[in-house]
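Every chain is named by a letter (A, B, C, D, E, F and G) in the order it is written, and numbering of its residues begins at 1.
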Amino acid sequence: MNKISYKEAMEKLEEIVSGLESDEIPVDELAAKVKEASRLIRICKSVLYETEEEVNKVLKEMQEEKPLEE
Amino acid sequence: MNKISYKEAMEKLEEIVSGLESDEIPVDELAAKVKEASRLIRICKSVLYETEEEVNKVLKEMQEEKPLEE
Amino acid sequence: MNKISYKEAMEKLEEIVSGLESDEIPVDELAAKVKEASRLIRICKSVLYETEEEVNKVLKEMQEEKPLEE
Amino acid sequence: MNKISYKEAMEKLEEIVSGLESDEIPVDELAAKVKEASRLIRICKSVLYETEEEVNKVLKEMQEEKPLEE
Amino acid sequence: MNKISYKEAMEKLEEIVSGLESDEIPVDELAAKVKEASRLIRICKSVLYETEEEVNKVLKEMQEEKPLEE
Amino acid sequence: MNKISYKEAMEKLEEIVSGLESDEIPVDELAAKVKEASRLIRICKSVLYETEEEVNKVLKEMQEEKPLEE
Amino acid sequence: MTQESSENRKIYSLLEVSLGIRNAVAEAFPSHLWIKAEIAKLNYYPKSGHCYPDLVEKQNGIVEAQIRANIWSGQFMQINQKFRAVTGEPLKDGLKILFLARIGYHEKYGMALNIVDIEPSFTLGEMAREKLATIEKLKKEGVFEENKKRPFPLLPKRIAVISVETSKGFSDFVNVIQTNSWGYEFSIHLFPALLQGEGAIRSIGQQLREIENRMEEFDVVAIIRGGGGDVGLNAYDNYSLSKAVAVFPLPVITGIGHSTNETVVQMVAFANKITPTEAAHFLIQQFHNFSVRLKTAVEKINRASTKVFDEEKQKFSHLLRFFEVHTKNLLSREAVELNLIGKNLGRNVSYSIQEADNRLKTLSAGLLQKPKQTLKDQQVQLRNITRMLGIQVRQELNNSTNKLESLQGKLELLKPENVLKRGYSITYYNNKPVTDASVLHQGQTLHTKLHRGSVEVLVEKVNKQTKDE
C-alpha cells in the first residue's frame, strides 16, 4: 500500500507539474493545485526522510485528509 | 465581489478589449467600460495576489521543511 | 443638459452640418442652428472631457494600486 | 419690422425683382415697389448681419473654449 | 391733375397719336387734342421724374447703407 | 362768323366745288357760289392757321420744357 | 571378520592385515598418480597446517566414490597459494581438482591419498564449465534476465540484507546507508547466512525463501559479503543459487566482492555492485534520483507558477497600457472629429451667409438697374410719342391746307371771269343766262358779257339744235 501511495503521489505530482508547465491550470485553480502538489511532495519527502512507521503515519494522515484517488 | 472567477473576469476583460479594438464601444459607455475593466483587473489582481501569496507560502513551507538535496 | 448622449449629440450635429452643406437651413434658422450645434459640440466636448478625466482617474488608480511584487 | 422672416422677405423681393425684369410693374407702382424692395433688402441684410454677428460670436466662443487635447 | 395714372395717360396719349395717324381727328379738334396730349405728356413726364427721383433716392440710400463685411 | 366748323365749311366747300365741276350750277348763280366758296376757304384757312399757331405754340412749349435727364 | 569366527580359521591380527593391505597398495600403486576428484570437505586444520580433504566422485549428485586424502602442512601452503593464484579460489569444499597423489594405506589411519600437488588450471576449467552450464541452463529456462526485469522500486527503502552480521561488508553497508549525510531513512533487516563456500548455496537459498515469504515487507534484497577477499566465490556460480536469485520476485542487489570474473549470481542479480559500499551507494543513489525528481518538481512548480504570475502581471500592464492608449486614441479621434465639425460648421455657415449675401446683392443689382431702365424706356417712348404727335399734327395740318388749296385752285378755274378770259361769254336774256337757243326768238335783244365789258346783241336767227350735238 505504501509503495503505491508514494509512487502515485510522484506520478500525480509530475502530472500537476506538467499541467502547470503546459499552462493548462487556470489561475483560479493554481493555489489548490500547488497545495495538492505540496501535499504530494510531503508524502514523497516522508518516504525519503522518515522512518517506516512515520511514513505510515503520514500516509494515514494524508489519506484521512483527502484520498489521493480522485 | 470575488464571486466571479479569474477566468471569467479575464474573458470579460478580453470582451471589453475586443469591443474597444473594433470601436464598438460608444463614447458614452467608454468610462463605464473602463471602470468595469478596472474592476475586473482589480478582481484578477486580487485573485492573482492571493494565489501568489498562497503559492509562495506553500513553496516556502516546502523549502523550510527539510530541503531536498542532491 | 447632459440628458442627451454623445451619440445623439453627434448625430444631431452631423444632421445640422449636412443640412448646412446642402443649403437646407433657412437663414432665419441659421443662428439658432449654429447655436444648437455649438451647444452640441460643447456637450460632446464635455462628455469627452469627463470621459477622459474619469478614464485617467481610473487608469491612475489602477497604476497606483499596490502593484504585485514582481 | 422684423415680423417678416428672411425667407418671406426674400420671396417677396424675388417677386418684385422678377416683376421688374419682366416689365410687369407699372411705372405708377415702380417707386413703391422699389421702396418695398429696398425695405426688404434692408430687412434681409439686417437679418443676415445679425445672423453673421451671432454666428461669429458663437464660433468665436467655440474657438476660445479650451480645446480638447488632440 | 395727378388723378390720372401714368398708364391711363399713356393709353390716352397713344389713342390720340393713333387717332392722328388714322386721320380720325377733325382739324377743329386738333388743337384741343394736341393740348390734351401735351398735358398728358407733361403728366407722364412728371410721374417719370418723380418716380426717378424717388427711385434714385431709394437706390442711393441703399448704396449708402453699410454693406455687409465680406 | 366762326359759328361754322372747319368740317362743315369743308363739306360745303367740297359740295360747291363738286357742284361747280358738274356744271349743275347756272352761270348766273356761279358768282354767288364762288363767292360763297371763297368765304368758306377763308374760314377754313383761318381755322387752319389758328390751329397751326396753337399747335406750334404747344409743341414749342413742349420742347422748351426741361427735358428728362438722359 | 568378527571375533566369533576365530576357531576354524587362520586368524590375522589387525596389524598383519593392515600391513598386508599396505604392501598390496604399495605394490598396486607404486608411483604417484594424477587423479581427479571433488573435495567434499577440505578439513583444513590451521593449527597443524595439515589438511585432510574428503574426496568424492559424484554422478548425478550421488556419491559414487569417496576417499580421504591429506595434504601435509609443508605442501598445503604452497599448493593452496598456487591454486588460489590461478583460480581466484582457495582450496575449499566442493571444488573439483586434478591432483598428484600417492595412494597410501596406514595401519592406523587407513586409506588415504597423499596429495603432493594440485593442478589449478583443471579446477579453473571445471569451474568455468560449471559456470557456463549454469548460465546456459538459466538462459534455456528463460530466467536469466528475470530479476533484471523486476520493477525496481522508486525508493528501495526497506532492504532485506543477506549477510553476516559480524562481517566487515555488512558493517560497511550499514554504515554507508545509515550515516548518509542527506538524512535518507532506510530500514534494514538482516537475514544472516553463510556467504562462502558450499554452505552459502543452501544458507542463502534458505534466507531467500524466508524473505520471499515476507515479500510485502521489503522493497529490495541485498546480498552483502565482505571481508572474505576474493576467495570462495564459486558458490555464486551454483545453478540452484543463481536460479533462486534470478527468479526472485524482488530485485536483488549484490555486493559480494571484487571479482575479475563475475559470478552467475552477480550476472543475474538486478544490479551487481561489487562492494557493499557500492551497493549502499547504489541504493542511496535511488533516493537521490527520487529526491532529484522531487526537487525538479518543486523547481518546476516554482518556475511555472512564477511564470504564470509574471505572465498574468504582464497581461495586466498590457491591459492597462491598452486601455490607456486605446481610450486616448478614441477620445482624441473624437476630439479631432468634433473640431472638424466645428470648423466645417463655421465654413458652411459663412458660406451660407455669403451665398445669401450674394443673392441679395444680385437682387439689389437688379433693383438698381431695372427701374432706371424702365424709366429710361418710358422716357424714350414718351419722347417718341411727342415726336409722333408733332409729326402727325403737322401732317394733318398740311393735308388740310393742301386739300383746301386744291379746292381753292379748282374754284379759281371755275370762276366765270376766268372762263370769260379764255374767250367765253355769257349771254343773258332778261338777266337770265341763255343756255338754249330754242327759247330765243329773232329780234330779241340779248346782253352778252365778255371778259372785258359787255355788248348788246340782236338775235338774227335761231338755230335749233339738239343737246347732243
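Things worth noting here:
Heads up, the rule we're going with is that contacts are C-beta pairs under 8 Å (C-beta built on N, C-alpha and C of every residue); 3 or more make two chains touch, one makes a residue touch a chain.
What you see is a predicted model; the values in this text were computed from it and never measured.
The set of chains in contact with chain B as well as chain G comprises A, C.
Different-residue interface: chain D and chain E share under half of the residue numbers found at their contact.
For chain pairs E-G and E-F, the one joined by more C-beta pairs in contact is E-G. In terms of their C-alpha centroids, the spacing between chain C and chain E amounts to 66 Å.
Put simply, the C-alpha centre of chain A and that of chain D have 92 angstrom between them. Per-chain CA centroids place chain C at a distance of 49 Å from chain G.
In chain A, the residues that touch at least two other chains are 27, 30, 34, 37, 41, 45, 48-49. Each of the following residues of chain G touches two or more other chains: 183, 291, 294, 298, 301, 305, 309, 312-313, 320, 323, 327, 331, 334-335, 338, 342, 345, 349, 353, 356-357, 364, 367, 371, 375, 378-379, 382, 386, 389, 393, 397, 400.
All chain pairs that touch, listed by label, are A-B, A-G, B-C, B-G, C-D, C-G, D-E, D-G, E-F, E-G, F-G. The residues of chain E lying in touch with chain D in their complex are 5-7, 47-48, 50-51, 54-55, 58-59, 61-62, 65, 68-69. Per the touch definition, chain G reaches chain B in the complex via residues 182-183, 288, 291-292, 294-295, 298, 301-302, 305, 309, 312-313, 315-316, 319-320, 322-323, 326-327, 330-331, 334. Taken in their complex, chain D has these residues touching chain G: 6, 10, 13-14, 16-17, 20-21, 23, 25, 27, 30, 33-34, 37-38, 41, 44-45, 48, 51-52, 55, 59, 62-63, 67-70. Chain G makes touch with chain E in their complex at residues 354, 357, 364, 367-368, 371-372, 375, 378-379, 381-382, 385-386, 388-389, 392-393, 395-397, 399-400. Those residues of chain C that touch chain D in the complex are listed here as 26-28, 30-31, 34-35, 38, 41-42, 45, 48-49, 52.
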